[in-house]
Amino acid sequence: MENFLKEPNKDELRQLASRILSESETCIRISYTPDDLIFAFLVLKYGKQNSISFTSNECKIELITNDAGKIIKINNQQFYIGRNAFTSIFPVSTDDVLPILAGITTSMILERRNYTELELDIINNDLVKLGVITEKNLKIPNYKSLPLFFSLMLSFDPYIPEVTGNRENSIKMLKEINISETDRLEDIDEAKLNSLVYKIISNTLKINPRFSRENLITDRAYYLEYDSLELALSLIYFLDLKGSGDLFQFTISPNYAETIIYKFRDELSKGFFIKNVEETNNYYIVETNLKSPLLIQLILLQMNKIKRNKPIIIKLPEGFFTSRTQVLKIKEGLNKVEDLNKGNL
Amino acid sequence: MLDEIVLNETLKEESTEIQLKDLYQLISQLRKIRRKYSDDLHKKELSVYEELAESLFELRSSKLIEGINIKGFDSEFLDILNQMKRIYVNFISGKYFTQEDKILCLVKVKFSINDMNLYPGDLILLPLKQVLALITLDYITPIEVE
Amino acid sequence: MSLLSIQLKALSRVNMLIKKKIMVLEDWGPFDDGFEEISLSKGSEDEVRFWLAKELQKNSLVKISESISLDELGRILFQERQNINTPASLVKVPKDFYYRISVLLEDLKKENSLEALEQLRKARQLLEEIVSIRIRKIIQLAFLKISDQNILDKLTAEEILVYRNIKYTIEHNIGDIIGYTTS
Amino acid sequence: MSLLSIQLKALSRVNMLIKKKIMVLEDWGPFDDGFEEISLSKGSEDEVRFWLAKELQKNSLVKISESISLDELGRILFQERQNINTPASLVKVPKDFYYRISVLLEDLKKENSLEALEQLRKARQLLEEIVSIRIRKIIQLAFLKISDQNILDKLTAEEILVYRNIKYTIEHNIGDIIGYTTS
Amino acid sequence: MLDEIVLNETLKEESTEIQLKDLYQLISQLRKIRRKYSDDLHKKELSVYEELAESLFELRSSKLIEGINIKGFDSEFLDILNQMKRIYVNFISGKYFTQEDKILCLVKVKFSINDMNLYPGDLILLPLKQVLALITLDYITPIEVE
Amino acid sequence: MENFLKEPNKDELRQLASRILSESETCIRISYTPDDLIFAFLVLKYGKQNSISFTSNECKIELITNDAGKIIKINNQQFYIGRNAFTSIFPVSTDDVLPILAGITTSMILERRNYTELELDIINNDLVKLGVITEKNLKIPNYKSLPLFFSLMLSFDPYIPEVTGNRENSIKMLKEINISETDRLEDIDEAKLNSLVYKIISNTLKINPRFSRENLITDRAYYLEYDSLELALSLIYFLDLKGSGDLFQFTISPNYAETIIYKFRDELSKGFFIKNVEETNNYYIVETNLKSPLLIQLILLQMNKIKRNKPIIIKLPEGFFTSRTQVLKIKEGLNKVEDLNKGNL
């Protein structure tokens, strides 16, 4: 197989996947992101590997992400795979619809991009054959099952100022256009829908002047009762809060998705706030009760309040906390920062 | 001597506290017999002591499984049984993230297994048996469902 | 079935290290058992650990004296039968009663004569009856919660374990169910 | 003392997952126990696992129907006494007999009236006598090597374990000593 | 389900062969309960299953100590008990070279312990508990008296 | 403490010992020789160390032997200790009389030298105070307890041609000067002793023309029933045949010496032969039934048949064997050589 000089096609990716899975026992080195982790767990699920490193220089398989895109390194041979999610290289099967869809979607969300052409090809062709339903629709989580107000509350991207994370404001905004607390998207007529779209866009423009209809109406994918967007956000949230266990179990047994989403809704239904953002030499310190530095980063990037260059530390009444997605630590999940002044958290 | 210790352990419902120093002399003499002789009669003698030691293990580990506290030179060693029980119960009652019989663990210190180096923070998927051994050494910790 | 069998096994192993009286049939030794040096002179009486006595007896070098005879077994059975329904009437037997019988049985097995075969059959029958009566009495003792030391002194170590096991079964376990359930 | 107590503990734990009939005193649910979703309507009869029934009864949300009354206990004791020396005469009781009694005892404990206290005393006394007679009969069964399925069907699972334990003790262990020794 | 498995194990004198696949569903559901709920009633439910798993361990390890062969998903794990017995018997019956409770062992593969690298052929003096763990991993072998 | 530029005195050595024993947990690197091993086991016995390496470059404590003498390295600081045995640095106590005496004596034997001045000082002063008895006498093992013929059979250095290892010849030689089979040295008179000395010397001169009375009558040390020479030879023999276990146990519990010597006499009383010596590119192959390459080397060096440059391989009916004292192996004791042509045994 050749190194890819330009973006690879699907066949080339599939060959890459089968080559990785046939590698004899070894570790795999990745970054601590959902897409990388799902990729690695799929390799654990089907390959001969049994360990994942974030620091080792001795792994034969390595996932590298840099400004130019993504690279898979196998035995020192590099394969450029463009902007595509790492998980997109795996052949799809009924058993892995959700992990692959989730991997691609988390990658899309966290990299603040749209699905790539290749990803859309996989979703619209390969995955649709296995039962995935796609449509162009609002980019708010699970508008098919959730009441609209809750769907809006869970909208991390686009972040809707005053509405995301705020139950009262979300209900109030809907009331203003005569949408009731319990209505779902399918319950409202075209006129109300247009008003809603208008409301969301004008609201969001306050913090992001470049926000447009194209950012709100996007490619959306559902599988069984799952919305890929809501699933991806749940996985990001719990990776941050708890660690990689949920992502692992979800990849190994995808019906675990129900548990993650149940718990995600349970925790997020209480709402959340983001107050002060303070920039120091080494980090951004954010006063909030949302226990996911990664989701906070996602929001603050939209508000143009931060750059990607420093980790997010959250300030809770109990102290300062950060997670493994922000700082290379050996502990999983959200952890107390013992000494903010220490360079090494 | 060993026969008295085993007799005690057999007749008492509790567990007796066995000091290592009460065994030194015995261990040392048996080692000498083992090293000096290899005739059938000495082999028979050694097997008599081996069977006694086996009985001591059976009695004490049975008591431990029943929940009786074991004191003495072997308490830390036999405590591995409690660690086994914890791992067994956690595995079956869904406290671990698992794939088949393998458990997702977090590496605590640098070590190597099967010629592969592992570093603090690495994730590794291991069967029950290796999980026990590596917990005993404090190399890893299973990630728990919370 | 569990601890009792582990305990009985342990007892029989402990017994292997107990010294038994022997008649020395041939000069033998010296033998360093790691704890002492043993030399036996033909014709003398001596004491060696049970495991060694058995090994030496196997090779006709010694004869274990602490055996028991068919007559004695018969006498014990007769006495046990006298008060078959009175548990406290248990006949006091040597602490190593069953080991003595095992020595007798092995002796008879070794002889390989028609007469010995007949005696072996007889000995086994006596043993079986004695055990049957003693166990019944031991069960009664346990059931009646008799723990008079004078009576317990009549039991062998193995019988005491059996006694305790049955006593424990009777006293604790049904009660424990309710205990587990109400906790 | 060992496996028997481990076994009885296991049985009582197994019983916690067995479904029991309850009377629902208050609407309750839905509750996802991981295997099914449970909703109880006030006034209806239903079935839930024993552990849950106990928890709900603690909070006066349900009443476990599969209890036993003092009268029934009295009747069982009367019948057991009829043929006190005939082991085969064991009264057939429900398989979960002792758990039913535990429910009764807990009920009475909860009531906290003078009358209930008196009934509690009475119930415990009846239980003790019933256990005592049944255990004696079970020991007899074991001793007489009776293993007639029709008779064993009259025992609860716990009693069967006790029966087996005693039978094993009687049948094996003295013989085993000889076995260990001659090996 | 677990209650039937434990019931079987309680009533039978032998050990039943438990397939891991018979436990998958249970483990997966219990993990979900654990992850989703943290109220007292669900905690009680989990403790009911944990106690059942504990009983299963107690029953099966007791049988193993008695010498009954254990088959099924946990056979390799419970076999550690046999390994423990071997080490215990060898230690007491003078089959090892020892200082107090520590055993002289030969290193088989490169590994590290307490931040120290060990190489094949190195000699190391270890307490019983660590000897068991490192034998399980096939890192060391105690030197035997012959 | 300073590095020693010249041979150190006893006080300096004692300070070195206490410094080593106070080092915090670490390993110790040594060569696979009896003196080094006893040294390391004494450190294990009294210090905080728990491991011994023969290859690691990471041990803080290292014993180095080269042509110029011996060096103890502690944390990269080197201390030159001359020709003295490593074990000579330890302060003596009743508990360690035998290990220290044995360490010094094995070193003396294997390095084919006499006791150094410092060693003699330790033996004649420190050890004598603890009950060691010294004298100038025949350098044949345990002439105090063994019948002379057996003592001669066990004489590895000086190797007495035809007599060492040969019961019949040994008895025959004694008969020629009217010494009976059961006589011990103390049973014979001065005249017989002189004849014996003469016999031994003239016999030994056949293979070693430089052999003299001074090589035969040397400093000898006894402690309790033990002759340091016999003890040292036993330790060398079993290190070769079985591995380091016996040396370890002997160092930890010196009364284990009785077991080693019992077994040594038991095995050597059968006698032994050394037949052909064949030199190949990589080793000396010796046809023998003496299962100690190290003792064979000692004998062949006296006979001037070999140099120290190549390992000894012994040829037994079952095949070729060598030991850890000859080849850096990970196995203990005497081991079969699977393929003589493989460079790496």
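Note that the chains are named A, B, C, D, E and F in the order they appear, and that numbering of residues resets to 1 at the start of each chain.
Quick note on the criterion: a residue touches a chain if its C-beta (ideal position, glycine included) is under 8 Å from a C-beta of that chain, and two chains touch if they have at least 3 such contacts.
By chain, UniProt protein names: A, F = Single-stranded DNA exonuclease; B, E = DNA replication complex GINS family protein; C, D = GINS subunit domain-containing protein.
Remember, predicted model here, so these are calculated numbers, not experimental data.
Which chains contact both subunit C and subunit E?
Correct list: B, D.
Between copies subunit B and subunit E, are the contact residues mostly the same numbers or mostly different, with half as the line?
Over half shared, hence same.
Which chains are joined by the largest number of contacting C-beta pairs?
Result of the pairwise contact count: B-E comes out on top.
Most remote chain relative to subunit A, going by C-alpha centroids?
Centre of mass proxy via C-alpha means gives C as farthest from subunit A.
Measuring centre to centre with C-alpha atoms, which chain is farthest from subunit F?
Greatest centre separation from subunit F goes to chain D.
Determine the centre-to-centre distance between subunit A and subunit B, using the mean Cα coordinates as centres, and give it in whole Å.
About 45 Å, centre to centre.
Report, in whole Å, the distance between the mean C-alpha point of subunit B and the mean C-alpha point of subunit D.
About 37 Å separates the centre of subunit B from that of subunit D.
What whole-Å value do you get for the distance between subunit B and subunit E if each is reduced to the mean of its CA atoms?
8
For subunit A versus subunit F, what separation do you get between their C-alpha means, in angstrom?
About 71 Å, centre to centre.
Enumerate the residues of subunit A that touch no fewer than two other chains.
If we look for residues of subunit A contacting two or more partner chains, we find 249.
Considering subunit C alone, which of its residues make contact with at least two other chains?
As it turns out, subunit C has residues touching two or more other chains at 1-3, 5-6, 9, 11, 13, 161.
Using the touch definition from the top, which residues of subunit E touch two or more other chains?
Residues 2, 28-33, 35-36, 56, 58, 62, 65-66, 97-98, 145-146.
What chain pairs are in touch here?
Pairs of chains that touch one another: A-B, A-E, B-C, B-D, B-E, B-F, C-D, C-E, D-E, E-F.
Within their complex, state which residues of subunit F touch subunit B.
My answer: residues 246, 249, 253, 255-256, 258-260, 262-263, 266.
Hey, which residues of subunit E end up touching subunit A in the complex?
That would be residues 28, 31-32, 35-36 of subunit E.
Going by the contact rule set out above, which residues of subunit F touch subunit E in the complex?
By the definition above, subunit F touches subunit E via 25-27, 40, 44-45, 50-56, 58, 242-246, 248-249, 252, 324, 328-332.
Where on subunit C is subunit D touching in the complex?
Spelled out, the residues of subunit C in touch with subunit D are 1-5, 8-9, 11-13, 15, 98-99, 101-102, 105-106, 127, 131, 135-136, 139, 143, 158-159, 161-162, 164-166, 168-170, 172-178, 180-182.
Using the touch definition from the top, list the residues of subunit B that touch subunit D in their complex.
Within the complex, subunit B contacts subunit D at residues 13, 62, 65-66.
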